[in-house]
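Think of it as A, B and C in the order they're written, each chain with its own count starting at 1.
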Amino acid sequence: MLELATVQGVSVEEQGVDYSPLAIRGLTVSYGQKPAVFSVDMAVQPGAMTAIIGPNGAGKSTLLKAALGIVSPLSGLVTVFGQPLEDQRARIAYVPQRASVDWDFPTRVIDVVLMGLSRQLGLLGRVRARHMARAMDCLNRVGMREFSDRQIGQLSGGQQQRVFLARALAQDADLYLLDEPFAGVDAATEKAIIAVLKSLKEAGKTVVVVHHDLATVTDYFDHVFLINTRKVAEGPVAQAFTAETLQAAYGGRLATAQIDQISRALG
Amino acid sequence: MLWQALTLQLGYNATLVAIGATLLGISAGVTGTFLFLRKRALVSDAISHATLPGVCLAFMALVAFGGDGRNLIGLLAGSALSAWVGLLCMNWLTRHTRLAEDAAIGAVLSVFFGFGVVLLTVIQSMGVGRQAGLEGFLLGSTAGMLWADALVIAVGGAATLALVMIIRRPMMMVAFDPEYAVARGLPMHRIDLMMMGLVMAVTVVGLKIVGLILIVALLIIPPVTARFWTDRSDRVVVLAGLVGGLAGYLGAALSASAPNLPTGPIIVLVSFGFFALSWLLAPVRGVLAAVLRHLRFQRRVHIRQGLLALAQGQKIYEPLTIRLLCRAGVVRADGVATEAGKACAAKALRDEKRWEIVRADQAHEATAALYDGLRDIETVLTRDQIAEIDRRIGGPQEVTS
Amino acid sequence: MSGEEFVPLSLTPLLIGTFAAIACALPGNFLVLRKQALIGDAISHVVLPGIVVAFLLTGAISTWPMMLGAAGAAVVAVVMIEAIRRLGQIEPGAAMGVVFTTMFAGGVLLLEQTDTSTVHLDVEHALYGNLESLIWLDATGWSSVLDVQALAGLPPELPRIALTLAGVILFTWLFWRPLKISTFDEGFARTIGIRTGVLGMALVITAAIAAVAAFDAVGSIIVIAMFICPPAAARMMTNRLESQIAWSVLFATVSAMSGYVLAGYGPLWLGGADAVSAAGMIATVSGLLLALAAVFGPCRTRAGAPGGA
């Protein structure tokens, strides 16, 4: 029969959860009367690259935004490196969806990257040569150095995405959260972004990406988090990214042929 | 006094004003609905302020040609002309420059109005001495309304209403889904311009009664009020006309019943009264209903989450969840589940497991879309279907976290 | 024109007009970029009821209660707009339209109901102010600028608007970085810990204070025109926020100066006898500048739609 454990006795595993770069418990977010995310628990593995995967409207971006306090949840707790979110802001860098800002805004590429340094600069700190050098270095890492003086609206979609990534790099965070960075970008940008993310991982940083392309999951990531309003599966790619979990997450929305293809690719 | 005013027994002028205001309210409410549904309510603000230079220029022209500067038809024609110019400026700014519509509205509104004020001071210095009526166009002035004025308002209002009725279908399509309308071959820009033309007509007709600053209220408040009561666009139109007409009638009557109650502001405040009541009390979209619904929803979410956590032996962290579970008799004050609570928790977990099966199964796709974490599975599946799912789970006993 | 004539009659109105224009244009830049230009419109409408209520409570036309009343009215308006928008699920434009027209109507009604004939408070004054009357009678020439006794006779509107301008500049300078970041990318701003809601409210209150001080001297037409026209014109001139601010200050100054001069002397040049409304003329000039910028400005068109990959 069901085992109804009482609430005392926190397990070792749960303590591990507490110090995870991003731990979410019982998170429910609802727009109107339909929850976009329902009672989700998540514990991001430190130093890993995790993909958040699920069908359209499954609450992937909502999960990320609630974790960052951009939308307020109906219930649930979020901790970052074991601390409340507000105390750990400096350790998080967020790359929003490209469509979320006004690209006609009067600002240059370099200004956007400098926004990532605003914590160091404070309210009135002057932008000095070392800040400038750091911003240029971040642009260089995403291959956008020569565009530093352009107005941001004059860039292509992929270039805009890279500028966002450069801004996140400038924040020099420990936890990087990216919302659909590969949506609608060219192949060169996708390559550049994934190279930067892998270098972050090698430097011991934790990376979480909302991702939609199932075909590249095994190449890019080592952990997955499958969501469809509820959590479906969580763990290393080899264990959690299987035909069964995909079927559970996507249900009727993923053609059987696609699942077969993916499971063949998984071996 | 008020009763007499309401029954139109306060004399000739008060009756004229009341009838005029009612007609104006109806046509403004109906026309404003299309503007509101098109999400361009504040365009009316630009249009109404842009009438001022036209009024002044018309006055100057009338005087220059030796006519009576206060000829209402002449002044209204002038106001319509300059409002049209303002509208074209606004359209040009949004379509050909990087300015968003709000900045274009604000620019047209302030510049045209400013220019109008310059012209007003020019008229004052012309020394014709008959300009006193022009300031009345700012806030409306019903004191000396003539039969001819009332006739102009009535005919103008009725004509606007008739035009709205004729082109309501294309306007509604453009308001609802502009891209689809264009794909269907509707000339969106021309329909938008026609809509604005009608708004302009209402504005011009309303200048005399409520003035150019407050006519905006009659175009916006009744549709917003009506929207609280219905989700059907044709009913919004009718209700907005009703609210507008009623506000016009009541406002005019109220203002006639006592001194120092200017007609325009009173009409606006009456329509705001209707709005405030609807905002608060409307059955589905009203704030009270929404807040109650949200609290109920939040309670359901917390209880459900709490039950699932209990069933899986997880710790419940949120104080609100524990409090709600306690109140529902699921757990005791010390956090230990009651017998009834255990049963509820087991049922919640089993339902969740059933849902999991349903959502992973292509055959249940339509049902799966109904999942929201709260819905009881019995409400969407038959007993047989549930039994079938239970067979696939293999019985509730092996459910673990 | 000699100093004896210029300093007492034109210097103070020119300065007041210019300061008012700049004080409104600075927050206007952010309002325009945030697509909240019409908050400026709403603020300038609700200043009237705020001032009337302050007058009713204190029984006198005194500056600070009026300022407080108007700033309070702006806050009430913004809160009401948000309440209608969020709780009632009404689009922001319509919510604004409901609120500011109602509050303006309330202000007019209160004004009609109270006896304000003894004080200088009426709707027309509220709309187009009286810049021309703010003269400095104690001045005799440029030397008066250093004369303490003559300075004591300055119209009180001048130090008031100067102080307001200083406050607006201070606010913009102090919160430049958070303002810029949260205007560009609100979600990102929140993730780095900027309290975007508080900051947005602070911007509205700053705009309201600028509006009240300007309104006191020059009426509400200038307020709306200066919130929107100089920043909108500046937007067509540059793709950098820093230069946009500079352009908007330049446009505001040019509008105020030339508008005042045109209003005072234009009719004389055309053979007329009396001056026309300076406030109206300033708004008109700012509109002409905007038109020129819209036709000839180097950055007048949108720079690339989002996502043009």
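Here is the rule we use: a residue touches a chain if its C-beta (ideal position, glycine included) is under 8 Å from a C-beta of that chain, and two chains touch if they have at least 3 such contacts.
Treat the numbers as computed from the prediction; the structure is a model and nothing was measured.
Centrality by C-alpha centroid: the chain sitting nearest the overall protein C-alpha mean is B.
When each chain is reduced to the average of its Cα atoms, C sits farthest from chain A. Centre to centre, using the average C-alpha position, chain B and chain C are separated by 28 Å. Taking each chain's centre as the average of its CA atoms, chain A and chain C sit 43 Å apart.
We define each chain's centre as the mean of its Cα atoms; on that basis chain A and chain B are separated by 38 Å. For chain C, residues touching at least two other chains, in rising order: 235, 302-303. Multi-chain contact residues of chain A, defined as those touching 2 or more other chains: 104.
Residue positions of chain B touching 2 or more other chains, listed in rising order: 98.
Residues of chain A that touch chain B in their complex: 1-7, 10, 14, 25-26, 28, 30, 33-35, 38-39, 74-77, 104, 228-230, 247-248, 251-253, 256. Residues 65, 68-70, 86, 89-90, 92-94, 96, 98-108, 111-112, 115, 118-119, 121, 123-124, 151-158, 160, 167, 171, 184-186 of chain A are the ones that touch chain C when the two sit in their complex.
Residues of chain C touching chain B in their complex: 32, 35-38, 40-41, 45, 83-84, 87-91, 93-98, 101-102, 104-106, 108-109, 112-113, 123-124, 127-128, 221-222, 224-225, 227-229, 231-232, 235-236, 263, 267, 272-277, 279-284, 286-287, 290, 294, 297, 299-303. Considering their complex, residues 36, 39-42, 44-45, 93, 96-100, 102-103, 105-107, 109-118, 120-122, 124-125, 135, 138-139, 213-214, 216-217, 219-221, 223-224, 227-228, 260-262, 264-266, 268-269, 272, 275, 279, 285-287, 290-291 of chain B touch chain C.
Within the complex formed with chain A, the residues of chain B that make contact are 98, 293, 297-298, 301-302, 304-305, 308-311, 313-318, 320-321, 335-337, 342, 345-346, 349, 352, 356, 359-365, 368, 371-374, 396-397, 399-400.
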